[in-house]
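By written order: A, B, C and D. Residues from 1 in each chain.
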Amino acid sequence: MKVGFVGLGQMGTGMASNLLRAGHEVTVYNRSAGKAEGLREKGARVAARVSEVCDGAAAVFTMLADDAAVEQVVFGENGILASLARGAVHVSSSTISVALSERLDAAHGKAEQGFVAAPVFGRPEAAAAAKLFVVAAGDARMLETVAPLLDAIGQRTFVVSDQPPTANLVKLSGNFLIASVIESLGEAMALVGKGGIDRHQYLDILTSTLFNAPLYKSYGGLIADRKFEPAGFAAPLGLKDVRLTLAAAEALRVPMPIASLVRDRFLTLLARGGERLDWSAIGDLARQEAGGDGGPLGIPRHRSG
Amino acid sequence: MKVGFVGLGQMGTGMASNLLRAGHEVTVYNRSAGKAEGLREKGARVAARVSEVCDGAAAVFTMLADDAAVEQVVFGENGILASLARGAVHVSSSTISVALSERLDAAHGKAEQGFVAAPVFGRPEAAAAAKLFVVAAGDARMLETVAPLLDAIGQRTFVVSDQPPTANLVKLSGNFLIASVIESLGEAMALVGKGGIDRHQYLDILTSTLFNAPLYKSYGGLIADRKFEPAGFAAPLGLKDVRLTLAAAEALRVPMPIASLVRDRFLTLLARGGERLDWSAIGDLARQEAGGDGGPLGIPRHRSG
Amino acid sequence: MKVGFVGLGQMGTGMASNLLRAGHEVTVYNRSAGKAEGLREKGARVAARVSEVCDGAAAVFTMLADDAAVEQVVFGENGILASLARGAVHVSSSTISVALSERLDAAHGKAEQGFVAAPVFGRPEAAAAAKLFVVAAGDARMLETVAPLLDAIGQRTFVVSDQPPTANLVKLSGNFLIASVIESLGEAMALVGKGGIDRHQYLDILTSTLFNAPLYKSYGGLIADRKFEPAGFAAPLGLKDVRLTLAAAEALRVPMPIASLVRDRFLTLLARGGERLDWSAIGDLARQEAGGDGGPLGIPRHRSG
Amino acid sequence: MKVGFVGLGQMGTGMASNLLRAGHEVTVYNRSAGKAEGLREKGARVAARVSEVCDGAAAVFTMLADDAAVEQVVFGENGILASLARGAVHVSSSTISVALSERLDAAHGKAEQGFVAAPVFGRPEAAAAAKLFVVAAGDARMLETVAPLLDAIGQRTFVVSDQPPTANLVKLSGNFLIASVIESLGEAMALVGKGGIDRHQYLDILTSTLFNAPLYKSYGGLIADRKFEPAGFAAPLGLKDVRLTLAAAEALRVPMPIASLVRDRFLTLLARGGERLDWSAIGDLARQEAGGDGGPLGIPRHRSG
């Protein structure tokens, strides 16, 4: 299939690469040009502007940092909306707001173009290995059209509904749940750590018993090690996703107190200079509030007979 | 080994039964007498008072509902403290406060008795099947003494430290983490549900991807089904454990905002008549605050082209 | 002075009326025309469009519902920005976002027009009686120009700084503080009410002692009476102001946990159908969560000798 | 009247002094003896033990630090319960738990003694000047008996009900409300301070307009000055009162999220070494979380034209 791809960050590069590997004819575009060279070597055509990416494409992916970048690329002059053929599909894999997804859906519909929201779960390594989980929503025929493309980038596609914004809502809520895991682990480790228990041993107990999910192992390890650099997913992106979750929740009138709390955590982290840290660094704030690891204050104040 | 066992609720009955099956000589006691009959048939001696259970026992287990019950059985007239032989061990498997564990440790030490805290993770079915996870702490020699007993009731024993209260802290923090999972799932489901997404499908996406732990599957299912009766673990017990977590955290000066939030949730649930519901019913409160499942307010307000 | 006035809601009508009373030559505009009739009788000229209001005016006030309304009136075709004379001043009294105030300041500066942010504290009766408190910020010369106008609408003007957005920040933070009073009173009354204490008597104790501010008396009375209709300040406006406070706080990286909590309260209130209630209705939510007023659960379970 | 007085801290000394001044025959007791000398000079009889204080007394006041101290003095050997004459009244002015007040009421009732809870609002200076506000509850006849005594120590007495614990609940909830004011002012000042606004000017605006209560002026001043030493009311006492509020709320099943938040604030403050600071120091934590006062991050990024 003839496919366009806009946005060659760590995630996008891996995804575009897998589209090539699956035999599709891929034209790529990135605002800063250097990023496309690796893909050119793998057979991609490199476009100089967004409109070129749309030329003759049956589908165009966008995998960009935030709402503003997507708006620019879609609604901007010679953007996707203006350039995509009737009946061709815009596949939006970025983590964007529910509100923007609604706007994109409406605009593409009016232009008689298709729109599929297909955000993904997974880190850059998963993107490179075609192991992403794809959460897709949109018109059934459009989904059918792009199914082979989604299959090429992920290990499994989950179709949520025929309404694209629902896929974005699932993605945002998933990131909220991860942030909740980070925060709750941070609180629990602050407690047991100050109580004189080794955090790594504690984590081992947790993940050998009830919390035997890779998520607990990986984020728990980062918190226990206090190893927040380099960032796998930077704190400002964490804040962005919680903000988008809260915005969707506000539009739907759903109070989410843990989301509110996590947002405050990100603000604290960023206010104190955590811009470049991994988002799991919010999991260290409870420990800091508790005045560190204690020791003299620890539980073991006496010896058993 | 000659073993005593006090407390024959659902958990205790399963544990005592497995001690018998492993070949130990078990004397059991329960405040209300009827509960012991099944164990008598399996070979247990049934005591009429706590002191009898201690007669000649190398170790006595307690598996009781709360601090007050344990205090009564240990410190009461003719209780364990007064009746247990020097050098024999009290194994406390109840979920009790860190402060009581400290008191028990000190009192038994003074009486030249051993004390091991060995709370367990697992539901009644796991207790019956000897599949509990045991978290143990205490003096190394004492732990060695009771190791075969702990092996008989669980699938694995984790030794935390030589200070008994640390095991109680691990247990409490673990229950706090489960409550956090319930609350965060409740918020996420309130959001996506009001956004027009099927909760069961949503849960399936979560547990097929990042949240592939049995915990998410089981509690998520209860929340999605809104099936909170019969209670596997009743709401008042959930409140008790969060209260004990917060008490330990206060003693150690560790702020735990999610624990505070979860406590408020339990109070709301109980204030509205949820005494007999499973503790996962706090996972429905976000949905209730959001005014139910929405529908007219849901995201899907337009049709894509 | 020749003055324009856009926005004739309850607040704006009172303010424009007082400008007339002070002898100024006032041209008014409101999107829906009927509202201007009373002012016409008092001597106002009634404009048919925004641009007319700017004709020859030394200053133009805007007193509108939200950011969108202000943006429309200022940046829209033939809006204030396009119509106001060089050197004339736009006085913005609406409760708007800090971000919009920054944009307005920059745009008017570029157009060589003045911009003063002058939000007000006070209810419609205070506006009618020229008893508002005006919080003003902007260039010193501009403030001097409009000082007689601000004096005409309020009992006192507080100049914050030469940066207009600071006045908006003070206004938003003030509304946040009022919402905090409502929420904390709501929690305290839920507690003592369920403890068997008469809420009105309780409020009387509070306001006769430490909390002797009219604010506590008025909002406390509404909560004790559970009288939330008609709305003096409707719940959706309360949510808007907390949202703008949180947005400013996020831009400045300031976590405000009570603001987050109050936001969740407004969402709950609105999700349950509280659109038309006064914002003080969030002060009833703690009582509702507590399962009402109790009685059987109340403290007085015994009689003293 | 013949009156006993136990507890000669800053508050108790002022109160006992005013009982003397009003012409009563006062016998005082304090655990550490030196504190009574000033009162001896004013005419008090100084007792060597609690029982002496009760000898022939029509009423005995207790004004002690916490539940433990009151329990000791009342239930201890030769304590008030054992020594007070039938029909004489124990007036408890300490800030104690609702649960202890219930126990005291029951015990004194059984001993055919009277019990009046009469906690007070006011700082040591108010105690010295007989300007306290007294919140009293108990049997009507008992209240009548002690009315002249309460009049001697305060400027006004509020009778809540015939159930003593209700007065304690009012006192605790009042301290909760003060803590809420501190926290909300702390958040607002963190916001406006980082936004480039002078905190003292901000406070002046607040207290000249809507928040014209001495409470806002005094606590706002401490927060703006960041002057938390010497402590007028020390942070550990603040934590104690919030804990007692939350305990009463839990017993009554009333969720109080701001109380939970304030508790976490006190824990943070104390974990970081704030034991000796005034409780208003929690009002600086939002500023600290926000990374201090900002400046470069402040709003004023541009100059108006």
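As a working rule, a residue touches a chain if its C-beta (ideal position, glycine included) is under 8 Å from a C-beta of that chain, and two chains touch if they have at least 3 such contacts.
Keep in mind it's a predicted model, so treat the numbers as computed, not measured.
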Between the pairs A-D and A-C, the one where more C-beta pairs touch: A-C
Considering subunit A as a copy of subunit B, what rotation angle in degrees (nearest 5) results from a C-alpha superposition of the former onto the latter? 180
Approximately how many whole Å separate the CA-defined centres of subunit A and subunit C? 38
From the C-alpha centre of subunit A to that of subunit D, how far is it in Å? 50
Residue list for subunit C, restricted to those that touch at least two other chains: 249, 253-257, 261, 264, 267-268, 271, 289-291
In their shared complex, subunit A is touched by residues of subunit D numbered 264, 267-268, 271-273, 289-291
In the complex formed with subunit B, which residues of subunit A make contact? 98, 102, 105-106, 108-115, 121, 133, 135, 138-139, 142, 156, 158, 160-166, 169-170, 173-174, 176-178, 180-181, 183-185, 187-188, 190-192, 194-197, 201-202, 204-206, 208-216, 245, 248-249, 252-259, 261, 286, 289-291, 294, 297-305
Per the touch rule above, subunit D residues touching subunit B in the complex are 239, 243, 249-250, 253-257, 260-261, 263-265, 267-268, 270-271
